[in-house]
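Listed after this line are the structures, all set down as structure tokens.
Two complexes are shown next, each including chain A; its partner changes from chain B in the first to chain C in the second.
And then the complex of A and B:
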């Protein structure tokens, strides 16, 4: 049923890197909730599966001395949902993690796998975009860091070199301290569904004025994306319904949803516009702003 | 009726623990010595000629025992009542689910590998996917030999005078509605294991709702193979959901038979989920043109309906759903003048099957949506117009249905009361109701609507019941056990229900038409009464009392206490009595058989006839809110009031209603088998939007008991009704909430939003 040639289960990151550089057809498997489906569909043949799901080095949620929040790529969505650090500092990621699949999926699927799979509908991606998350990668040539926005190259394509492994995510304090965020998944069902549109907003507010504003979408383009022009136009503006309408009209010009048999471009656009207002408003109300 | 001890009690399903512990034996669990695994290769095109098939590589693969193509199938082996469907196609494929080859191998993996080695050369033909276009003269023919894409079926009736009534009507609403493909989503996927003995008698283990009719089909299959006068034994494993999907026999069963015969070994074919979605049949989609009229007082004057049904490439029971659609069309509410015509049209799409409600949900969606529109046009309250026209006990409908008991009025009252509890009108919040009529006392579709039961008692007061009725998860075993336990003064623990094997169990027409509680229930009751008579006769001798003074209760026969209070009544335990009967000179053991065939009528040429002994009614009411910016519908309250005659088991009854409503909600809001030029696009649970536990809602299911005089302990059928009026109730509530009328299912947010946009453009 699953067409793969070899299965290897390394115990450390370095061991993993060794195996992937030795096997040209190596493919990493963490939770397996994406790759097993693709294997079943016959999308790959003769793979060498390298199972990193139980590598302890990849499972962590911590704050380092510089107040960076670090999340290991092998962290499951359930780990994220149950994390006090995430709950305290970036609760929007809990929202995102809770909207993934169903309980069985969240028990096993990892945030690293979600991002490396490279699809625009990944529930954790838009929040990580809004948080300016930095990806920490390690390969035979050592470590490198890359902002998440540079990691996505195209539909299903990410900047993960053939001999690299994603170690985890870094969210620096200037990207979460003082910010309030929210993620909303618009889907046809309340669970076990793929997002029609996912929208993450993270913002900083001072005396009714936006100090910073970030809005990110999933499924609004071939890869997850931020609406940078809209964001720029919001900063230093006062909270108002007019501004919300302006946001909604501005994001329309930045996104590029497509028609599929799942939903039409027009419909997705409607949802994109509406969610910009709704998610922003929800955050504002939650922090006691009047609107 | 008030002194019931077992009937009316919420006894959990007898096999609940077995299922929860994973011990129930499904078709997947069956493994026989030397068993091979069969796999089926399907078409790569919706419509194509088969130019050449090369199986030589597959045949050479180690572990492959047989490879079949269309040329290996006997000419006369055709499936379905229209006999247009060979289990493997030979010269031409007419849909993506067409079987083109099959293999039997040592393992499923080898079988799968062998399929990939079969080389087929096709010549693609122009496909036709729209049934209305398929009716046009220049359209390509799906089956050239049939000369037309329109099936020769008799779906046409006219009672009263529709044209005259239309002229005399004060208000008329004409509309078009559309329903699409949805599928049963049984958790247990399809499968069969076939084997022959050395005399060419067939045993087939298969998921079926119709063991006796399946046996007949398979006997016919054997005859087509030149095997005359053979025996067919159909064994049902535990079935993981039926909902109508197992009401016919299928290619995989016939292929398993052919492979087993060729290899002389047991052959097992099991569908995976993708195959279950792609290669099993859906609910019948329908394009519905409806006209209804009423006079100034709101009295319905006529109902005129035309339908075009996408038959798909082959014919199964989906094409006969008009026979059941006739029921709501002629008999939901009092309407004297009715006309109905349906055309089933071949296309290169998938073909349809029976599915819970058998056409009734489609017809009721159109009738009840249209009725709300008519009420609005006439300026009459939506609930009031239903009251004005409601069916009443004693009615004979235009189709000749004799309404014995009827709780429709009570159901309307109940739903209205619940919906009006919080009557403050809120923005974007609306309510909707819709009613249903369905067969509730069997349905004489075949010459017999009967069910046989054999009952025996052992020396310990235990009963074995061999019933023709099929438990496919709905809980017929419980119903049977409760009825027999009640009648014989026993507990359900004393009863063992066997329904699994045509070698052991008597004939039954099948678990369809919500008939099992009524028909199999009456059959079990009949057998129990015969045994009871024997028990009482024997007890009267032993206890020296007259039969009419004897009572069976708590595993004991008591003499009614007519004497002084302090003396305990004379009694004997049933097991003791049975032993006395057995172990004495000229001893006897208690056995009884009973065949119950309800007193209903086959429909005549004009489709008139009292199809069912009694009819089930119900009303669904919903309160919901529509998010005008995203098109999302959120259900706030749902009431499903059903006239069930009597609840033999309230727990299972509620389960049937809950399950029906959730299935109906999926039909109304989310579910659709997506086809693109005949190809199934969403063959998994991610993309086929079946409601999940998180989408399910709280449902109030008030039970209206009308104690039908023909039902076992007063019960009517309730298997299907739960999903019948859900979609129109939702559509009516959406209109009430935001003023848009969605006429094609499912009512997706995209459709709601598009309709809202169009409305705002018009305003």
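And then the complex of A and C:
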């Protein structure tokens, strides 16, 4: 039995917003793989559960007239893995989605829930950071859009205003066209484990020169993050092993991992440095560059 | 907080007046008499409570009972037809992939879902492992389960 007081099942986004505004203690439930566990632990008192699990308006993957890729917050990791649009344009997100939990979790957990719970280990987060994803939110005062990097405020804290719901993600064409990316999850087990470190790289290359370079990490700081200084230093540089070493030394100065029961700070730092090289190299080799 | 729901359970329409706070796991065991679903962990880690909802494999312990409304639910009980085991069940028996049996119903449902998606495909052992990673077994050491899955794919 899950521990909640009141249950509401709206049919639409607007109905959901109305109910959130009328119930100050309400929580949304999408796939439930986070919140149901917390409910079992009795983490909330007198909770009102607003069930958005079946809201069709939140389940979509499409490309609009301006070539933006739009992903609904209610899209499951299974939907992402099976999407031709994602496969063709942002395969790194398939890599991220496939690395979540096991099949039973991927079949029901949503990408919206993964981001809204605000944890740094969220497997879809680093890729969405590297893709400069924009979040589309709607509340009683209307719609707004914010970059994913502004959405995370601190561990478990996101910029969801009081009556807001996350509708979905927008990835503009200038953030995916011509880019190649990869996500690598380092964990103690191959499946059913939370990332010790997650690393996403997305890059654009022309005649052996980096036109753009983005590197994002999960679990390298209290919230998912990009290493912007490192990225800047890579742009317009030629591919070389020296450059890879430089990347690995530069990311070290930007990240801030911590010690937990899973891994020590020092161990995490090693993984962070190593993954910067490994993930970058993997992409370069996959597009036929020599390194 | 009670609500009426109905779903097709192993091919038969069933109706229940359920407490909305209950998981599908609880509905199946307490209301529907389905005892194959097991409670290993209660938190989505072990897969012993796995069932198919509209042919999608889920952990019934972290699935609201209400979400089953209007859906087709398949459990182990519906796998054998007229006293004859399904191909997946038979493969588990033949390969000795069962010891205490606690994890078996969940594994059978996971394999059933995997086989349906991958029939006649050449799948690697890693793909089999990845697609059964949501199920834990404390007895067999998994080798015979892997053999049973391979056999199910061939049949």
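The rule is short, and it goes like this: the second predicted complex is superposed on the first by the 290 of 291 C-alpha atoms of A that agree within 3 Å, B and C clash if a C-alpha of one lies under 4 Å from a C-alpha of the other, contacts with A are read in each partner's own complex, and residues count from 1 in each chain.
In this section, a contact is a pair of C-beta atoms (placed from the backbone, for glycine too) under 8 Å apart; a residue touches a chain by one contact, two chains touch by 3 or more.
Computed from a predicted structure; not experimentally measured.
*Asks:* Given the touch rule stated above, what does A:274 touch, chain B (first), chain C (second), both, or neither?
*Replies:* Touch status of A:274: first partner only.
*Asks:* Is A:78 in contact with chain B, with chain C, with both, or with neither (first, second, both, neither)?
*Replies:* Second partner only, chain C.
*Asks:* Once the structures are superposed on A, label A:153 by its partner contacts, choosing first (chain B), second (chain C), both or neither.
*Replies:* After superposition on chain A, A:153 lies in contact with neither partner.
*Asks:* Looking at the overlay, does A:2 come into contact with chain B only (first), chain C only (second), both, or neither?
*Replies:* second
*Asks:* According to the stated criteria, A:54 is in contact with first (chain B), second (chain C), both, or neither; which is it?
*Replies:* A:54: touches chain C, not chain B.
*Asks:* Once chain A of both complexes is superposed, is A:291 in touch with chain B (first), chain C (second), both, or neither?
*Replies:* neither
*Asks:* Could you figure out whether chain B or chain C reaches more residues of chain A?
*Replies:* C
*Asks:* Applying the document's definition of touch, where does A:188 land relative to chain B and chain C: first, second, both, or neither?
*Replies:* It touches chain B, and chain C stays clear.
*Asks:* Should A:261 be classified as contacting the first partner (chain B), the second (chain C), both, or neither?
*Replies:* Only chain B is touched by A:261; chain C is not.
*Asks:* Once the structures are superposed on A, label A:102 by its partner contacts, choosing first (chain B), second (chain C), both or neither.
*Replies:* both
*Asks:* Report, in rising order, the residues of chain A that make contact with chain B in one complex and with chain C in the other.
*Replies:* 1, 102, 190-192
*Asks:* For the complex, which residues does chain A have touching chain C?
*Replies:* 1-4, 6-7, 9, 29, 32-33, 36-37, 40, 51, 53-54, 78, 98, 101-105, 107-108, 190-192
*Asks:* Could you list, by residue number, the parts of chain B that touch chain A in their complex?
*Replies:* Checking each residue of chain B against chain A gives 109, 112, 629-631, 670, 674, 676, 681-682, 685-687, 689, 691-695, 748-750, 753-754.
*Asks:* Which bits of chain A are touching chain B when the two form their complex?
*Replies:* 1, 102, 186, 188-194, 261-264, 267, 270-271, 274, 278
*Asks:* Note which residues of chain C are touching chain A in the complex, please.
*Replies:* By the definition above, chain C touches chain A via 1, 19-23, 26, 42-45, 47, 50, 56-59, 62-64, 66-67, 110, 113-114, 129-135.
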